[in-house]
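Below are two complexes that have chain A in common, paired first with chain B and then with chain C.
Showing the complex of A and B:
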(Lines of atoms letter the chains of each structure in order from A and count residues from 1; the text may use other names and numbers.)
(Lines give C-alpha, C1' and ligand atoms only; values in the text may rest on other atoms or scores of the structure.)
Protein backbone atom coordinates (compact mmCIF):
# COMPACT_ATOMS: atom_id res chain seq x y z
CA UNK A 1 0.00 0.00 0.00
CA UNK A 2 1.30 3.45 -0.83
CA UNK A 3 1.65 6.17 1.79
CA UNK A 4 -1.43 8.34 2.24
CA UNK A 5 -1.56 11.69 0.46
CA UNK A 6 -3.22 13.55 3.29
CA UNK A 7 -3.47 12.88 7.00
CA UNK A 8 -5.63 15.12 9.16
CA UNK A 9 -5.94 14.87 12.91
CA UNK A 10 -8.44 16.58 15.16
CA UNK A 11 -8.95 16.13 18.90
CA UNK A 12 -12.58 16.39 19.94
CA UNK A 13 -14.06 16.50 23.46
CA UNK A 14 -16.63 13.76 22.76
CA UNK A 15 -16.86 9.97 22.81
CA UNK A 16 -16.00 7.94 19.70
CA UNK A 17 -19.66 6.82 19.51
CA UNK A 18 -20.86 10.42 19.47
CA UNK A 19 -18.37 11.34 16.72
CA UNK A 20 -19.21 8.20 14.74
CA UNK A 21 -22.89 9.19 14.84
CA UNK A 22 -22.08 12.71 13.69
CA UNK A 23 -20.00 11.41 10.77
CA UNK A 24 -22.56 8.88 9.57
CA UNK A 25 -25.92 10.55 10.24
CA UNK A 26 -27.07 12.76 7.31
CA UNK A 27 -29.00 15.07 9.64
CA UNK A 28 -25.79 15.80 11.54
CA UNK A 29 -23.41 15.97 8.57
CA UNK A 30 -25.80 18.50 7.02
CA UNK A 31 -24.99 20.79 9.95
CA UNK A 32 -21.20 20.62 9.98
CA UNK A 33 -20.46 19.59 6.36
CA UNK A 34 -21.84 22.87 5.00
CA UNK A 35 -25.18 21.42 3.97
CA UNK A 36 -23.92 18.03 2.76
CA UNK A 37 -25.98 14.98 3.71
CA UNK A 38 -23.74 11.90 3.93
CA UNK A 39 -26.20 9.19 2.89
CA UNK A 40 -25.44 5.50 3.37
CA UNK A 41 -27.31 2.36 4.24
CA UNK A 42 -26.40 2.44 7.93
CA UNK A 43 -22.69 2.87 7.13
CA UNK A 44 -22.53 -0.89 6.60
CA UNK A 45 -19.76 -2.53 4.60
CA UNK A 46 -20.69 -2.65 0.91
CA UNK A 47 -23.27 0.13 1.24
CA UNK A 48 -23.33 2.80 -1.47
CA UNK A 49 -22.91 6.37 -0.30
CA UNK A 50 -23.28 9.90 -1.54
CA UNK A 51 -22.90 13.43 -0.25
CA UNK A 52 -25.94 15.40 -1.32
CA UNK A 53 -26.86 18.98 -0.58
CA UNK A 54 -29.71 21.21 -1.60
CA UNK A 55 -27.35 23.88 -2.99
CA UNK A 56 -24.89 21.64 -4.81
CA UNK A 57 -26.70 18.37 -5.51
CA UNK A 58 -24.47 15.28 -5.36
CA UNK A 59 -20.85 16.22 -4.60
CA UNK A 60 -19.45 12.71 -4.56
CA UNK A 61 -20.49 9.08 -4.53
CA UNK A 62 -18.75 5.98 -3.22
CA UNK A 63 -19.01 2.78 -1.28
CA UNK A 64 -18.24 1.70 2.28
CA UNK A 65 -15.24 -0.64 2.18
CA UNK A 66 -14.81 -1.27 5.89
CA UNK A 67 -17.02 -0.48 8.86
CA UNK A 68 -16.04 -1.10 12.47
CA UNK A 69 -18.16 1.24 14.61
CA UNK A 70 -17.14 3.37 16.43
CA UNK A 71 -13.50 2.85 15.52
CA UNK A 72 -12.93 2.73 11.80
CA UNK A 73 -14.77 3.59 8.60
CA UNK A 74 -13.17 3.29 5.17
CA UNK A 75 -14.96 4.44 2.04
CA UNK A 76 -14.34 5.31 -1.59
CA UNK A 77 -14.81 8.83 -2.86
CA UNK A 78 -15.61 9.67 -6.46
CA UNK A 79 -16.23 13.31 -7.21
CA UNK A 80 -19.10 14.05 -9.58
CA UNK A 81 -18.00 17.45 -10.88
CA UNK A 82 -14.34 17.17 -11.80
CA UNK A 83 -14.59 17.38 -15.58
CA UNK A 84 -10.90 16.98 -16.34
CA UNK A 85 -10.19 14.56 -13.56
CA UNK A 86 -8.73 11.19 -14.45
CA UNK A 87 -8.95 10.09 -10.87
CA UNK A 88 -10.81 6.92 -10.27
CA UNK A 89 -12.24 6.60 -6.82
CA UNK A 90 -9.96 7.78 -4.05
CA UNK A 91 -10.13 6.34 -0.54
CA UNK A 92 -11.02 8.04 2.72
CA UNK A 93 -10.62 6.52 6.15
CA UNK A 94 -11.79 7.69 9.55
CA UNK A 95 -10.08 6.30 12.62
CA UNK A 96 -11.25 7.09 16.14
CA UNK A 97 -9.18 6.58 19.25
CA UNK A 98 -9.79 7.64 22.84
CA UNK A 99 -7.07 9.96 24.19
CA UNK A 100 -7.89 10.88 27.80
CA UNK A 101 -10.99 13.07 27.78
CA UNK A 102 -10.78 13.54 24.03
CA UNK A 103 -11.14 11.36 20.99
CA UNK A 104 -8.54 11.61 18.28
CA UNK A 105 -10.10 11.47 14.85
CA UNK A 106 -7.64 10.75 12.06
CA UNK A 107 -8.80 11.24 8.49
CA UNK A 108 -6.63 9.99 5.65
CA UNK A 109 -7.39 10.55 2.00
CA UNK A 110 -5.44 8.66 -0.59
CA UNK A 111 -5.28 7.34 -4.12
CA UNK A 112 -4.92 10.59 -6.08
CA UNK A 113 -3.06 10.97 -9.30
CA UNK A 114 -0.15 13.37 -8.99
CA UNK A 115 -1.14 16.99 -9.38
CA UNK A 116 -4.82 16.20 -9.88
CA UNK A 117 -7.25 19.08 -9.47
CA UNK A 118 -9.25 16.93 -7.08
CA UNK A 119 -6.21 16.58 -4.86
CA UNK A 120 -5.84 20.35 -4.62
CA UNK A 121 -9.54 20.83 -3.89
CA UNK A 122 -9.62 18.15 -1.24
CA UNK A 123 -6.64 19.59 0.58
CA UNK A 124 -8.59 22.79 1.14
CA UNK A 125 -11.81 21.10 2.17
CA UNK A 126 -11.04 18.68 4.99
CA UNK A 127 -9.47 21.11 7.49
CA UNK A 128 -12.60 23.29 7.48
CA UNK A 129 -14.97 20.32 7.63
CA UNK A 130 -13.11 18.87 10.62
CA UNK A 131 -12.91 22.24 12.33
CA UNK A 132 -16.65 22.59 11.83
CA UNK A 133 -17.32 19.06 13.20
CA UNK A 134 -15.27 19.84 16.32
CA UNK A 135 -17.08 23.13 16.80
CA UNK A 136 -20.49 21.47 16.45
CA UNK A 137 -19.73 18.69 18.94
CA UNK A 138 -18.02 20.89 21.51
CA UNK A 139 -20.08 24.06 21.36
CA UNK A 140 -23.22 23.01 19.52
CA UNK A 141 -22.48 25.51 16.76
CA UNK A 142 -21.05 24.27 13.47
CA UNK A 143 -19.31 26.69 11.14
CA UNK A 144 -21.21 28.30 8.36
CA UNK A 145 -20.09 28.35 4.77
CA UNK A 146 -18.83 31.58 3.28
CA UNK A 147 -21.38 33.49 1.25
CA UNK B 1 -9.56 24.94 22.33
CA UNK B 2 -6.15 25.74 23.77
CA UNK B 3 -4.44 27.61 20.96
CA UNK B 4 -1.30 28.57 22.90
CA UNK B 5 0.78 25.56 21.74
CA UNK B 6 -0.24 26.31 18.14
CA UNK B 7 0.87 29.93 18.30
CA UNK B 8 4.06 28.99 20.17
CA UNK B 9 4.88 26.40 17.52
CA UNK B 10 4.20 28.85 14.69
CA UNK B 11 6.27 31.62 16.30
CA UNK B 12 9.55 30.03 15.21
CA UNK B 13 10.84 30.53 11.63
CA UNK B 14 12.58 27.14 11.56
CA UNK B 15 9.34 25.38 12.45
CA UNK B 16 7.43 27.35 9.83
CA UNK B 17 10.10 26.31 7.31
CA UNK B 18 9.49 22.67 8.22
CA UNK B 19 5.74 23.14 7.69
CA UNK B 20 6.52 24.76 4.31
CA UNK B 21 8.54 21.72 3.34
CA UNK B 22 5.67 19.41 4.26
CA UNK B 23 3.27 21.65 2.35
CA UNK B 24 5.46 21.16 -0.73
CA UNK B 25 5.85 17.46 -0.14
CA UNK B 26 3.71 15.72 2.42
CA UNK B 27 4.63 12.54 4.30
CA UNK B 28 8.39 12.93 4.76
CA UNK B 29 10.71 11.10 7.13
CA UNK B 30 13.03 12.92 9.53
CA UNK B 31 15.93 12.16 7.21
CA UNK B 32 14.16 13.61 4.18
CA UNK B 33 13.20 16.72 6.13
CA UNK B 34 16.81 17.26 7.16
CA UNK B 35 18.12 17.18 3.59
CA UNK B 36 19.50 20.53 2.49
CA UNK B 37 18.92 22.16 5.88
CA UNK B 38 21.66 23.76 7.95
CA UNK B 39 19.90 22.67 11.14
CA UNK B 40 21.19 19.58 12.91
CA UNK B 41 19.12 16.42 12.81
CA UNK B 42 18.64 16.79 16.56
CA UNK B 43 17.29 20.32 16.19
CA UNK B 44 14.88 19.26 13.44
CA UNK B 45 13.73 16.36 15.60
CA UNK B 46 13.03 18.72 18.53
CA UNK B 47 11.08 21.10 16.32
CA UNK B 48 9.02 18.20 14.98
CA UNK B 49 8.10 17.14 18.53
CA UNK B 50 6.77 20.64 19.24
CA UNK B 51 4.87 20.69 15.96
CA UNK B 52 3.39 17.29 16.77
CA UNK B 53 2.37 18.44 20.26
CA UNK B 54 0.64 21.45 18.70
CA UNK B 55 -1.11 19.02 16.31
CA UNK B 56 0.32 20.88 13.32
CA UNK B 57 2.13 17.74 12.24
CA UNK B 58 0.46 14.33 12.13
CA UNK B 59 2.49 11.17 12.11
CA UNK B 60 1.96 7.86 10.34
CA UNK B 61 4.23 4.87 10.91
CA UNK B 62 5.51 2.94 7.93
CA UNK B 63 7.21 -0.03 9.52
CA UNK B 64 9.85 1.58 11.74
CA UNK B 65 9.82 4.82 9.79
CA UNK B 66 7.87 7.83 10.93
CA UNK B 67 6.23 9.85 8.16
CA UNK B 68 5.33 13.47 8.92
CA UNK B 69 2.23 15.13 7.49
CA UNK B 70 1.19 18.75 7.60
CA UNK B 71 -2.02 18.94 9.63
CA UNK B 72 -3.68 22.30 8.93
CA UNK B 73 -6.78 21.63 11.08
CA UNK B 74 -5.63 23.87 13.99
CA UNK B 75 -4.91 26.65 11.48
CA UNK B 76 -8.43 26.26 10.08
CA UNK B 77 -9.73 26.55 13.67
CA UNK B 78 -7.80 29.80 14.13
CA UNK B 79 -9.12 31.20 10.84
CA UNK B 80 -12.68 30.15 11.63
CA UNK B 81 -12.48 31.79 15.02
CA UNK B 82 -11.72 35.25 13.68
CA UNK B 83 -12.88 35.28 10.08
CA UNK B 84 -16.64 35.73 9.96
CA UNK B 85 -19.06 34.04 7.62
CA UNK B 86 -19.44 36.93 5.23
CA UNK B 87 -15.84 38.10 5.46
CA UNK B 88 -14.30 34.91 4.15
CA UNK B 89 -14.78 35.62 0.46
CA UNK B 90 -13.53 39.22 0.81
CA UNK B 91 -10.50 38.23 2.86
CA UNK B 92 -9.64 35.56 0.28
CA UNK B 93 -9.99 38.09 -2.54
CA UNK B 94 -7.52 40.43 -0.82
CA UNK B 95 -5.05 37.63 -0.17
CA UNK B 96 -5.32 36.51 -3.81
CA UNK B 97 -4.80 40.11 -4.98
CA UNK B 98 -1.73 40.52 -2.80
CA UNK B 99 -0.30 37.24 -4.04
CA UNK B 100 -0.97 38.17 -7.65
CA UNK B 101 0.64 41.63 -7.33
CA UNK B 102 3.65 40.35 -5.45
CA UNK B 103 4.21 37.23 -7.51
CA UNK B 104 6.97 38.90 -9.57
CA UNK B 105 9.00 39.69 -6.47
CA UNK B 106 8.43 36.59 -4.49
CA UNK B 107 7.68 32.96 -4.99
CA UNK B 108 4.06 32.34 -4.02
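Showing the complex of A and C:
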Protein backbone atom coordinates (compact mmCIF):
# COMPACT_ATOMS: atom_id res chain seq x y z
CA UNK A 1 0.00 0.00 0.00
CA UNK A 2 1.09 3.53 -0.66
CA UNK A 3 -0.55 6.91 -0.29
CA UNK A 4 -2.14 8.52 -3.38
CA UNK A 5 -0.39 11.23 -5.35
CA UNK A 6 -0.84 14.80 -4.18
CA UNK A 7 -2.31 16.80 -7.08
CA UNK A 8 -2.71 20.58 -7.09
CA UNK A 9 -4.21 22.58 -9.95
CA UNK A 10 -3.79 26.34 -10.15
CA UNK A 11 -4.86 28.74 -12.88
CA UNK A 12 -2.58 31.72 -13.44
CA UNK A 13 -2.98 34.78 -15.62
CA UNK A 14 0.42 34.41 -17.29
CA UNK A 15 1.99 32.56 -20.20
CA UNK A 16 3.49 29.09 -19.73
CA UNK A 17 6.93 30.57 -20.55
CA UNK A 18 6.68 33.09 -17.73
CA UNK A 19 5.56 30.45 -15.26
CA UNK A 20 8.31 28.08 -16.42
CA UNK A 21 10.91 30.82 -15.86
CA UNK A 22 9.56 31.56 -12.38
CA UNK A 23 9.67 27.87 -11.42
CA UNK A 24 13.20 27.28 -12.69
CA UNK A 25 15.00 30.55 -11.90
CA UNK A 26 16.54 30.57 -8.38
CA UNK A 27 16.28 34.38 -8.16
CA UNK A 28 12.51 34.04 -8.64
CA UNK A 29 11.88 30.90 -6.54
CA UNK A 30 13.59 32.66 -3.64
CA UNK A 31 10.67 35.11 -3.62
CA UNK A 32 7.80 32.63 -3.47
CA UNK A 33 9.26 29.29 -2.25
CA UNK A 34 9.91 29.83 1.46
CA UNK A 35 13.05 31.75 0.51
CA UNK A 36 14.52 28.72 -1.29
CA UNK A 37 16.69 28.88 -4.39
CA UNK A 38 15.77 26.06 -6.83
CA UNK A 39 19.21 25.35 -8.27
CA UNK A 40 19.64 23.24 -11.41
CA UNK A 41 21.88 23.18 -14.42
CA UNK A 42 19.48 25.04 -16.72
CA UNK A 43 16.61 22.66 -15.82
CA UNK A 44 18.08 20.23 -18.34
CA UNK A 45 17.32 16.51 -18.29
CA UNK A 46 19.80 14.70 -16.07
CA UNK A 47 20.71 17.84 -14.15
CA UNK A 48 21.07 17.58 -10.37
CA UNK A 49 18.93 19.96 -8.34
CA UNK A 50 18.50 21.29 -4.84
CA UNK A 51 16.42 23.81 -2.94
CA UNK A 52 18.80 25.91 -0.86
CA UNK A 53 18.22 28.80 1.48
CA UNK A 54 20.48 30.71 3.80
CA UNK A 55 18.15 30.06 6.76
CA UNK A 56 17.75 26.29 6.36
CA UNK A 57 20.49 25.10 4.01
CA UNK A 58 19.39 22.33 1.62
CA UNK A 59 15.72 21.29 2.00
CA UNK A 60 15.73 18.67 -0.73
CA UNK A 61 17.85 17.32 -3.56
CA UNK A 62 16.94 15.52 -6.78
CA UNK A 63 17.46 15.18 -10.47
CA UNK A 64 15.60 16.37 -13.57
CA UNK A 65 14.04 13.32 -15.27
CA UNK A 66 12.21 15.06 -18.10
CA UNK A 67 12.36 18.63 -19.39
CA UNK A 68 10.13 19.97 -22.15
CA UNK A 69 10.03 23.76 -21.71
CA UNK A 70 7.56 25.38 -21.21
CA UNK A 71 5.19 22.43 -20.96
CA UNK A 72 6.51 19.75 -18.68
CA UNK A 73 9.20 19.28 -16.03
CA UNK A 74 9.58 16.06 -14.05
CA UNK A 75 12.08 15.75 -11.22
CA UNK A 76 12.89 13.60 -8.23
CA UNK A 77 12.48 15.01 -4.74
CA UNK A 78 14.47 13.67 -1.81
CA UNK A 79 13.90 15.61 1.38
CA UNK A 80 17.00 15.99 3.54
CA UNK A 81 15.22 15.84 6.91
CA UNK A 82 12.04 13.73 6.43
CA UNK A 83 12.55 10.09 7.46
CA UNK A 84 10.16 8.92 4.69
CA UNK A 85 12.57 10.19 2.09
CA UNK A 86 15.20 7.75 3.30
CA UNK A 87 13.21 5.02 1.56
CA UNK A 88 13.73 6.62 -1.83
CA UNK A 89 12.96 9.67 -3.85
CA UNK A 90 9.46 10.83 -4.65
CA UNK A 91 8.65 12.43 -8.00
CA UNK A 92 7.26 15.87 -8.82
CA UNK A 93 5.85 16.88 -12.18
CA UNK A 94 4.81 20.29 -13.45
CA UNK A 95 2.44 20.37 -16.41
CA UNK A 96 1.56 23.68 -18.05
CA UNK A 97 -1.35 24.06 -20.44
CA UNK A 98 -2.65 27.17 -22.15
CA UNK A 99 -6.30 27.84 -21.32
CA UNK A 100 -7.32 30.96 -23.26
CA UNK A 101 -5.47 33.87 -21.65
CA UNK A 102 -4.62 31.78 -18.57
CA UNK A 103 -2.36 28.83 -17.92
CA UNK A 104 -3.31 25.77 -15.96
CA UNK A 105 -0.39 24.53 -13.87
CA UNK A 106 -0.82 21.02 -12.46
CA UNK A 107 1.67 19.88 -9.84
CA UNK A 108 1.66 16.15 -9.12
CA UNK A 109 3.81 14.81 -6.30
CA UNK A 110 3.84 11.01 -6.24
CA UNK A 111 5.63 7.98 -4.86
CA UNK A 112 4.75 8.24 -1.16
CA UNK A 113 4.88 5.41 1.32
CA UNK A 114 1.78 4.34 3.23
CA UNK A 115 0.67 6.86 5.90
CA UNK A 116 3.43 9.16 4.73
CA UNK A 117 4.42 12.08 6.95
CA UNK A 118 6.23 13.49 3.91
CA UNK A 119 2.92 13.56 2.03
CA UNK A 120 1.27 15.45 4.91
CA UNK A 121 4.14 17.93 4.87
CA UNK A 122 4.08 18.64 1.14
CA UNK A 123 0.25 18.81 1.15
CA UNK A 124 0.62 21.82 3.42
CA UNK A 125 3.58 23.28 1.52
CA UNK A 126 2.51 23.15 -2.14
CA UNK A 127 -0.69 25.26 -1.73
CA UNK A 128 1.33 28.01 -0.02
CA UNK A 129 4.14 27.95 -2.56
CA UNK A 130 1.81 27.90 -5.57
CA UNK A 131 -0.49 30.57 -4.09
CA UNK A 132 2.54 32.78 -3.64
CA UNK A 133 3.76 32.04 -7.20
CA UNK A 134 0.34 33.05 -8.56
CA UNK A 135 0.34 36.30 -6.55
CA UNK A 136 3.88 37.12 -7.69
CA UNK A 137 3.05 36.63 -11.37
CA UNK A 138 -0.31 38.41 -11.27
CA UNK A 139 0.40 41.29 -8.89
CA UNK A 140 4.19 41.50 -8.81
CA UNK A 141 4.17 40.74 -5.07
CA UNK A 142 4.52 37.24 -3.59
CA UNK A 143 2.63 36.37 -0.39
CA UNK A 144 5.52 37.55 1.76
CA UNK A 145 4.53 36.12 5.10
CA UNK A 146 2.86 32.98 3.82
CA UNK A 147 5.72 31.66 1.75
CA UNK B 1 -15.83 14.14 12.55
CA UNK B 2 -16.07 12.77 9.01
CA UNK B 3 -13.13 13.23 6.69
CA UNK B 4 -13.80 15.27 3.53
CA UNK B 5 -13.62 13.46 0.19
CA UNK B 6 -11.72 16.33 -1.39
CA UNK B 7 -9.92 19.41 -0.07
CA UNK B 8 -8.84 22.51 -2.02
CA UNK B 9 -6.59 25.05 -0.30
CA UNK B 10 -5.44 28.45 -1.43
CA UNK B 11 -3.86 31.44 0.27
CA UNK B 12 -5.17 34.92 -0.52
CA UNK B 13 -3.73 38.34 0.32
CA UNK B 14 -6.97 39.69 1.85
CA UNK B 15 -8.94 39.66 5.09
CA UNK B 16 -11.41 36.87 5.96
CA UNK B 17 -14.18 39.50 5.79
CA UNK B 18 -13.25 40.50 2.22
CA UNK B 19 -13.20 36.84 1.12
CA UNK B 20 -16.54 36.20 2.86
CA UNK B 21 -18.12 39.28 1.30
CA UNK B 22 -17.09 38.19 -2.20
CA UNK B 23 -18.05 34.55 -1.68
CA UNK B 24 -21.59 35.51 -0.59
CA UNK B 25 -22.14 38.33 -3.10
CA UNK B 26 -24.63 37.08 -5.70
CA UNK B 27 -23.95 40.05 -8.01
CA UNK B 28 -20.20 39.39 -8.20
CA UNK B 29 -20.42 35.58 -8.18
CA UNK B 30 -20.37 35.18 -12.02
CA UNK B 31 -16.88 36.72 -11.97
CA UNK B 32 -15.44 33.80 -10.01
CA UNK B 33 -17.97 31.00 -10.75
CA UNK B 34 -17.41 30.70 -14.52
CA UNK B 35 -20.40 32.89 -15.28
CA UNK B 36 -22.85 31.05 -12.99
CA UNK B 37 -24.81 32.90 -10.31
CA UNK B 38 -24.29 31.59 -6.77
CA UNK B 39 -26.87 32.72 -4.23
CA UNK B 40 -26.13 32.12 -0.54
CA UNK B 41 -28.96 32.68 1.96
CA UNK B 42 -28.12 34.94 4.88
CA UNK B 43 -28.71 32.38 7.64
CA UNK B 44 -28.73 28.63 8.27
CA UNK B 45 -31.85 27.04 6.78
CA UNK B 46 -32.13 29.50 3.91
CA UNK B 47 -31.72 28.42 0.27
CA UNK B 48 -28.41 27.98 -1.50
CA UNK B 49 -28.53 27.90 -5.30
CA UNK B 50 -26.28 27.93 -8.35
CA UNK B 51 -27.85 29.02 -11.64
CA UNK B 52 -26.34 28.93 -15.12
CA UNK B 53 -25.99 32.08 -17.21
CA UNK B 54 -29.06 31.06 -19.28
CA UNK B 55 -31.17 30.75 -16.12
CA UNK B 56 -31.10 26.95 -15.86
CA UNK B 57 -30.86 25.83 -12.21
CA UNK B 58 -27.64 23.87 -11.67
CA UNK B 59 -27.43 23.29 -7.93
CA UNK B 60 -30.13 23.45 -5.26
CA UNK B 61 -29.42 23.25 -1.57
CA UNK B 62 -29.61 24.87 1.81
CA UNK B 63 -27.28 26.87 3.99
CA UNK B 64 -26.29 24.55 6.84
CA UNK B 65 -23.74 26.67 8.70
CA UNK B 66 -23.48 30.44 8.36
CA UNK B 67 -20.73 31.88 10.58
CA UNK B 68 -19.34 35.04 8.94
CA UNK B 69 -16.51 35.54 8.17
CA UNK B 70 -15.04 32.11 8.95
CA UNK B 71 -17.29 29.21 8.04
CA UNK B 72 -19.99 28.49 5.47
CA UNK B 73 -21.45 25.05 4.85
CA UNK B 74 -24.13 24.23 2.31
CA UNK B 75 -25.91 21.16 0.97
CA UNK B 76 -25.45 20.52 -2.74
CA UNK B 77 -27.89 18.74 -5.07
CA UNK B 78 -27.18 18.61 -8.80
CA UNK B 79 -30.59 19.57 -10.21
CA UNK B 80 -30.18 17.80 -13.56
CA UNK B 81 -28.63 14.69 -12.01
CA UNK B 82 -31.01 13.34 -9.35
CA UNK B 83 -29.00 10.10 -9.13
CA UNK B 84 -25.99 11.93 -7.67
CA UNK B 85 -26.38 11.76 -3.87
CA UNK B 86 -26.60 15.07 -1.97
CA UNK B 87 -23.15 16.42 -1.20
CA UNK B 88 -22.07 19.08 1.27
CA UNK B 89 -19.55 21.87 0.67
CA UNK B 90 -17.75 23.76 3.37
CA UNK B 91 -15.73 26.97 3.04
CA UNK B 92 -13.29 27.78 5.85
CA UNK B 93 -11.57 31.17 6.00
CA UNK B 94 -8.72 31.41 8.48
CA UNK B 95 -6.19 34.18 9.01
CA UNK B 96 -2.63 32.87 8.61
CA UNK B 97 0.17 35.37 9.08
CA UNK B 98 -0.95 38.38 7.00
CA UNK B 99 -3.13 36.42 4.58
CA UNK B 100 -6.20 34.16 4.50
CA UNK B 101 -6.22 30.42 4.04
CA UNK B 102 -9.34 29.45 2.09
CA UNK B 103 -10.14 25.75 2.45
CA UNK B 104 -12.95 24.24 0.38
CA UNK B 105 -14.00 20.84 1.69
CA UNK B 106 -16.21 18.51 -0.30
CA UNK B 107 -18.23 15.79 1.41
CA UNK B 108 -19.75 13.44 -1.14
CA UNK B 109 -23.12 11.89 -0.35
CA UNK B 110 -21.91 8.49 -1.54
CA UNK B 111 -19.55 6.96 -4.08
CA UNK B 112 -19.15 9.13 -7.19
CA UNK B 113 -17.49 8.33 -10.51
CA UNK B 114 -13.88 9.27 -11.31
CA UNK B 115 -15.14 11.77 -13.89
CA UNK B 116 -17.04 13.57 -11.10
CA UNK B 117 -13.96 13.57 -8.90
CA UNK B 118 -12.01 15.11 -11.78
CA UNK B 119 -14.77 17.62 -12.59
CA UNK B 120 -14.89 18.68 -8.95
CA UNK B 121 -11.14 19.24 -8.89
CA UNK B 122 -11.28 21.25 -12.11
CA UNK B 123 -14.23 23.34 -10.96
CA UNK B 124 -13.07 24.15 -7.44
CA UNK B 125 -9.49 24.79 -8.54
CA UNK B 126 -10.79 27.28 -11.07
CA UNK B 127 -13.17 28.95 -8.60
CA UNK B 128 -10.53 29.37 -5.91
CA UNK B 129 -8.01 30.70 -8.45
CA UNK B 130 -10.65 33.18 -9.67
CA UNK B 131 -11.53 34.32 -6.13
CA UNK B 132 -7.85 34.91 -5.43
CA UNK B 133 -7.21 36.88 -8.61
CA UNK B 134 -10.34 38.99 -8.15
CA UNK B 135 -9.44 39.86 -4.56
CA UNK B 136 -5.76 40.53 -5.23
CA UNK B 137 -5.94 42.36 -8.55
CA UNK B 138 -9.53 43.67 -8.64
CA UNK B 139 -9.98 41.95 -12.01
CA UNK B 140 -11.41 38.48 -12.69
CA UNK B 141 -9.35 35.78 -14.37
CA UNK B 142 -10.02 35.73 -18.11
CA UNK B 143 -12.95 33.33 -18.50
CA UNK B 144 -12.30 29.61 -18.74
CA UNK B 145 -15.08 27.07 -19.06
CA UNK B 146 -14.66 24.01 -16.87
CA UNK B 147 -14.77 20.67 -18.62
CA UNK B 148 -18.08 18.92 -17.85
CA UNK B 149 -17.99 15.40 -16.40
CA UNK B 150 -17.99 12.77 -19.18
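Rule of thumb we're sticking to: the second predicted complex is superposed on the first by the 135 of 147 C-alpha atoms of A that agree within 3 Å, B and C clash if a C-alpha of one lies under 4 Å from a C-alpha of the other, contacts with A are read in each partner's own complex, and residues count from 1 in each chain.
Here is the rule we use: contacts are C-beta pairs under 8 Å (C-beta built on N, C-alpha and C of every residue); 3 or more make two chains touch, one makes a residue touch a chain.
All values derive from a computational prediction rather than experimental measurement.
A.B. asks: Quick check on the chain A-based superposition: chain B and chain C, clash or fit?
C.D. replies: clash
A.B. asks: Check the residue A:18 against both partner chains and state whether it touches chain B (first), chain C (second), both, or neither.
C.D. replies: Neither chain B nor chain C is touched by A:18.
A.B. asks: Check the residue A:135 against both partner chains and state whether it touches chain B (first), chain C (second), both, or neither.
C.D. replies: both
A.B. asks: Which partner does A:71 reach: the first (chain B), the second (chain C), both, or neither?
C.D. replies: In the superposition, A:71 touches no partner, neither chain B nor chain C.
A.B. asks: For A:127, is the partner it touches chain B (first), chain C (second), both, or none of the two (neither)?
C.D. replies: Both partners, chain B and chain C.
A.B. asks: After superposition on the shared chain, which partner residues are touched by A:102: those of chain B (first), chain C (second), both, or neither?
C.D. replies: Once the two structures are laid over each other on A, A:102 reaches chain C alone.
A.B. asks: One more residue to check, A:9. First (chain B), second (chain C), both or neither?
C.D. replies: In the superposition, A:9 contacts both chain B and chain C.
A.B. asks: Is A:39 touching anything from chain B or chain C once the two structures are fitted on A? First, second, both or neither.
C.D. replies: neither
A.B. asks: Going by the contact definition given at the top, which residues of chain A touch chain B in one complex and chain C in the other?
C.D. replies: 7-11, 127-128, 131-132, 134-135, 138, 143-147
A.B. asks: Applying the document's contact rule, which stretches of chain A touch chain C when the two form their complex?
C.D. replies: Touching chain C: residues 7-13, 99-102, 127-128, 131-132, 134-135, 138-139, 141, 143-147 of chain A.
A.B. asks: How about chain B: which of its residues touch chain A in the complex?
C.D. replies: 1, 26-27, 55, 58, 60, 62, 67, 69, 71-73, 75-77, 80, 85-86, 88-89, 92
A.B. asks: Sort out for me which residues of chain C touch chain A in the complex.
C.D. replies: Residues 9-13, 96-99, 121-122, 125-126, 129-130, 132-133, 136-137, 141-144.
A.B. asks: Would you tell me which residues of chain A are touching chain B in their complex?
C.D. replies: Against chain B, the touching part of chain A is residues 3-11, 106, 108, 126-128, 130-132, 134-135, 138, 143-147.
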